[in-house]
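Chain lettering (A, B, C and D) follows the sequence in which the chains are written, and residue indices restart at 1 in each chain.
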Amino acid sequence: MDIGFIGLGHMGQAMARNLLKSGFKVTGWDRTRSHAEALREYGAMVADTQAGACTGEVVITMLADDRAVEDVVLGSGRMIRALRENAIHVSMSTITVALSEELTQAHRTAGQHFVAAPVFGRPEAAAAAQLYVVAAGEAEPVDRCQPLFDAMGQKTFVLGASPPGANLVKLGGNFLIASVIECLGEAIALMRKADVPAPRFLEILTESLFSAPVYKTYGRLIVEEKYQPAGFRMPLALKDIRSVLAAAEAEAVPMPVASLIHDHFLTQVARGNDDLDWSALALLAAENAGLEPPAFKATPSAASGSEHS
Amino acid sequence: MDIGFIGLGHMGQAMARNLLKSGFKVTGWDRTRSHAEALREYGAMVADTQAGACTGEVVITMLADDRAVEDVVLGSGRMIRALRENAIHVSMSTITVALSEELTQAHRTAGQHFVAAPVFGRPEAAAAAQLYVVAAGEAEPVDRCQPLFDAMGQKTFVLGASPPGANLVKLGGNFLIASVIECLGEAIALMRKADVPAPRFLEILTESLFSAPVYKTYGRLIVEEKYQPAGFRMPLALKDIRSVLAAAEAEAVPMPVASLIHDHFLTQVARGNDDLDWSALALLAAENAGLEPPAFKATPSAASGSEHS
Amino acid sequence: MDIGFIGLGHMGQAMARNLLKSGFKVTGWDRTRSHAEALREYGAMVADTQAGACTGEVVITMLADDRAVEDVVLGSGRMIRALRENAIHVSMSTITVALSEELTQAHRTAGQHFVAAPVFGRPEAAAAAQLYVVAAGEAEPVDRCQPLFDAMGQKTFVLGASPPGANLVKLGGNFLIASVIECLGEAIALMRKADVPAPRFLEILTESLFSAPVYKTYGRLIVEEKYQPAGFRMPLALKDIRSVLAAAEAEAVPMPVASLIHDHFLTQVARGNDDLDWSALALLAAENAGLEPPAFKATPSAASGSEHS
Amino acid sequence: MDIGFIGLGHMGQAMARNLLKSGFKVTGWDRTRSHAEALREYGAMVADTQAGACTGEVVITMLADDRAVEDVVLGSGRMIRALRENAIHVSMSTITVALSEELTQAHRTAGQHFVAAPVFGRPEAAAAAQLYVVAAGEAEPVDRCQPLFDAMGQKTFVLGASPPGANLVKLGGNFLIASVIECLGEAIALMRKADVPAPRFLEILTESLFSAPVYKTYGRLIVEEKYQPAGFRMPLALKDIRSVLAAAEAEAVPMPVASLIHDHFLTQVARGNDDLDWSALALLAAENAGLEPPAFKATPSAASGSEHS
């Protein structure tokens, strides 16, 4: 199967490599040419234009936000024109429900298929082909993509025929991750000020009722105050919560904790903490409790982050 | 080892039975005589007075709130006078940090030992001897109590020499459970209104990043809207969050999600939903989203709840 | 001066009548023809098309939301084409900062003037020519409009050359009104449950530190639980707070009370309370405190509301 | 009339002077002897003991918090023993509803009268005899005190026979003042980042719907970022909101904005900003929006604050 891959940042790069490892033929494209070139040594071809990455049976997009996806599909690059009939666009980024609806319609009109297949997992999980994939779309194209998902992830959840559902599940999941970060941040700040050792508190949690990856992964980052380099940068976290709230508004569902977390992400962005990992919600909780900031705040390093949760 | 057991409601009853099964000699007492009598067929003795349950080496309390514990230890019943020197008071209820500090001091002054050993687990877990115990106090008495903890729980976490630390960990844990309920409630309301099947959403969560008992247990209750009979009643949940906020205030730690959850529990109590399980935080989220209430709201049953989380 | 007036609902109708009373020649248009016809007896002409209301020196719009304004100016009706060079579009509705920026640019490109002049005041104030006008735009066209503002309002605040500033001030003001409603609602619920007479509480406030129209007007509505007929309907209040939050997001300003109020408006809309006045934020506070709902909730009347605050 | 005055800080000092000016005979006492001595030159006598200030017909307390009042009345000083039969204790500080209930009962049992008469107004208003007094208690003793209230304030609101009602009204009022500060802080941060001049925004507000002292006084402090010296210090503001929430909890009234504001005061205290005026809630809003802090934050001055709102 010939696959185009558009968007080769931290996440996309790792995912495309796993496709290559599994024997798929991949043609990459990225706005930043060097990102695409980096894939060449793993056996990929590099397209000179976006359209050049849209000639195969499937094209995957893994981009930063709605605007980037909209531009690639409907804008200047015009995937919608370049893609052949019956070909599949697999959108694996975290996009809004509204854009997913628009793309579903646009590809259908063009005689193409749209599959939403957002993923859970940070860059390390992407590199290890340990992502969780939530896929939705018509049954036939989703089936055709299953081998690709197998190459990139540890498990695929097929949700149903309507692509926006998968995007909503992903957004709901990201809200829940953010809520774990926020709440662990508040609880750990309390433990610290009361002289209960934070690592021991976390251990008790994760060896009893909270024995899930999300508590282990984020709990460790918070306890170690390891907010750099960012696995998932603040502005992207803010964008995701904004997308959750947009979906909630469209359905008339008040989500007060989501609103609160939104304001905390916005605070971090307003304060210039763009380069911190989203787990630094907990840093805000600690600062608001008057705890000393971790060392890196004194000597800011040149952090560079990536795009996934 | 001779053990006194004061407080034989849902939780205490189950825990005392497990002590008896493991061969300990137990003398029970409860304000409601029939609760104590119920234990007799499992081999317990029943004390006529509180003081009568305080004659052994260890006395365990498993009571509803601070007031009850305060009354038993320092008030009319006067455990503090009845208990012999070097005996141990093991407090397994969820009490405030402030009371734990007071009891630590009072027992020390009286030449006795105080061990705080609050537990995680609902009545089903108590019955199955599957509780998690978080114990703190001086090493020697904690060691002496270990066989008791083994008889009642699946795992004991020994925290340190200061009993209030264990109470704070328990309160922090309860806050985190409540936050999971609230956030699942908000997310599931969104899925429902957007026609994503809630059970499928929950399945995706618990088979990926959220594979912990807390998401499975409470997620199922929320998806099934099974808020009665209550495993842990609203007023007790409200009390626990109030205790979290009191500890946070004492340490000057703002906990905005805890404040928000507090207000939601208070809303449920104000609206007369005392008999619902605390997972019915999610019912409030659903109602605020305009979702139809579950059937039981139309025909209220006579629910009876118990006291633990 | 020949004036076109587009949007003749509760607010627009009253404002246009005051222009006619002051001797201005007004040509009205409304999507609902009967609204425009209602103005004829006051001396207005009625245009058959939107463009027909755009032939004078000034055209005023007083419409429900961004979508309506966008449609009138840039969409099907095409005010932007119909308006002559150097003519002025005075936008008096509460619109977003983003749309105001777009309109400023569009009219400038077309050689026309754009003045943002949103108003404070409910329908009664509009009828009595007691509105407060906040105007922004280039000095010359704002000056030309001053006689119009004098005919409709009691006071005009000229803000500066940039129209979006006036829209932001209006949105900020509406946020503050909503916050007064919410906070009075919470405080009055507390007084009621504690048996302090609510009217007396309000009297003490408004005769001391809180002696402003906003406390008197909304305090009375809340104390009397007079949420119908709506002076400003819930969905419009929700829209305005959404616009506040959009502006705040664009400037990276967290506004936690605005977020909280947004969720409360959304709750009222989700619960089907579209026809209540926005002061019924206080009804939510009362219900969440377990207070008995006012009589109208039992026998819902056919309420009809209007569009301004 | 012989009056004792206990508590001669910023507020009490000014109030006692106004009593002296009006010809009342005042005997002062303060924990800090020099505060009492300062009153001597205005014609007061200075008591050597608390009891020495309790020999007249009326004794007024104006103290920092519940603990101080409790200590003076029921504790070591024992006003309750020193006060003669039929004498009146007028409590003018902001205390909790619970303590007010306790004092009502205690004085009644002792054959004395208790009048709660908390005040609205900052130290400037106290100095100018421009306070607002909210008085509650039995009619006869309240009447007897009216000349005193006239000497200290511009207006007295008599609420009813139950003293705790006056304390609740005062707490409700302080909550509303705090909400004005918080919301103005959020709105003004938005205006600043959007380049709308904050003084002009405030002017528009206070010359239209928000023409009340509370918006003028606090708006000016926020616009000028004049948070020192404190008219009402952060820890006292935190205490008052805590008292509001305690009353709300007792009556089962959720007050989400009060909870939010509580967390913001707690944040300011946790961050070491005890010496700032409570209007510096707005400083937190500004900092969270990434605005530059005002100059005094760089070179902290030795601020000293006082105790009233």
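Operating definition for what follows: contacts are C-beta pairs under 8 Å (C-beta built on N, C-alpha and C of every residue); 3 or more make two chains touch, one makes a residue touch a chain.
Please read all numbers here as calculations on a predicted model, not as lab measurements.
Asker: Given the pairs B-D, A-B or A-D, which one repeats the contacts seen at C-D for over half of the pairs?
Answerer: Same contacts by residue number as C-D, out of B-D, A-B or A-D: A-B.
Asker: Among the chains, which is located farthest from chain A on the basis of C-alpha centroids?
Answerer: Following the centroid criterion, the farthest chain would be D.
Asker: Applying the document's contact definition, name the chain pair with more C-beta pairs in contact, B-C or A-C.
Answerer: It is A-C, judged by the count of C-beta pairs in contact.
Asker: Chain A to chain B: how many Å between their CA centres?
Answerer: Roughly 37 Å separates the two chain centres.
Asker: Give, as an integer number of Å, the spacing between the C-alpha centres of chain C and chain A.
Answerer: 40
Asker: How many angstrom between the C-alpha centroids of chain C and chain B?
Answerer: Each chain's C-alpha centroid was found; their separation is 51 Å.
Asker: Can you list the residues of chain B that touch 2 or more other chains?
Answerer: 248, 252-256, 260, 267, 270, 288-290
Asker: In the complex formed with chain A, which residues of chain B make contact?
Answerer: Per the touch definition, chain B meets chain A at residues 97, 120, 132, 134, 155, 157, 159-160, 164-165, 168-169, 172-173, 175-177, 179, 182-184, 186-187, 189-191, 193-197, 200-201, 203-205, 207-215, 244, 247-248, 251-258, 260, 285, 288-290.
Asker: Which residues of chain D touch chain A in their complex?
Answerer: Result: residues 267, 270-272, 287-290 of chain D touch chain A.
Asker: Touching residues of chain D toward chain B in the complex: what are they?
Answerer: 242, 248-249, 252-256, 259-260, 262-264, 266-267, 269-270
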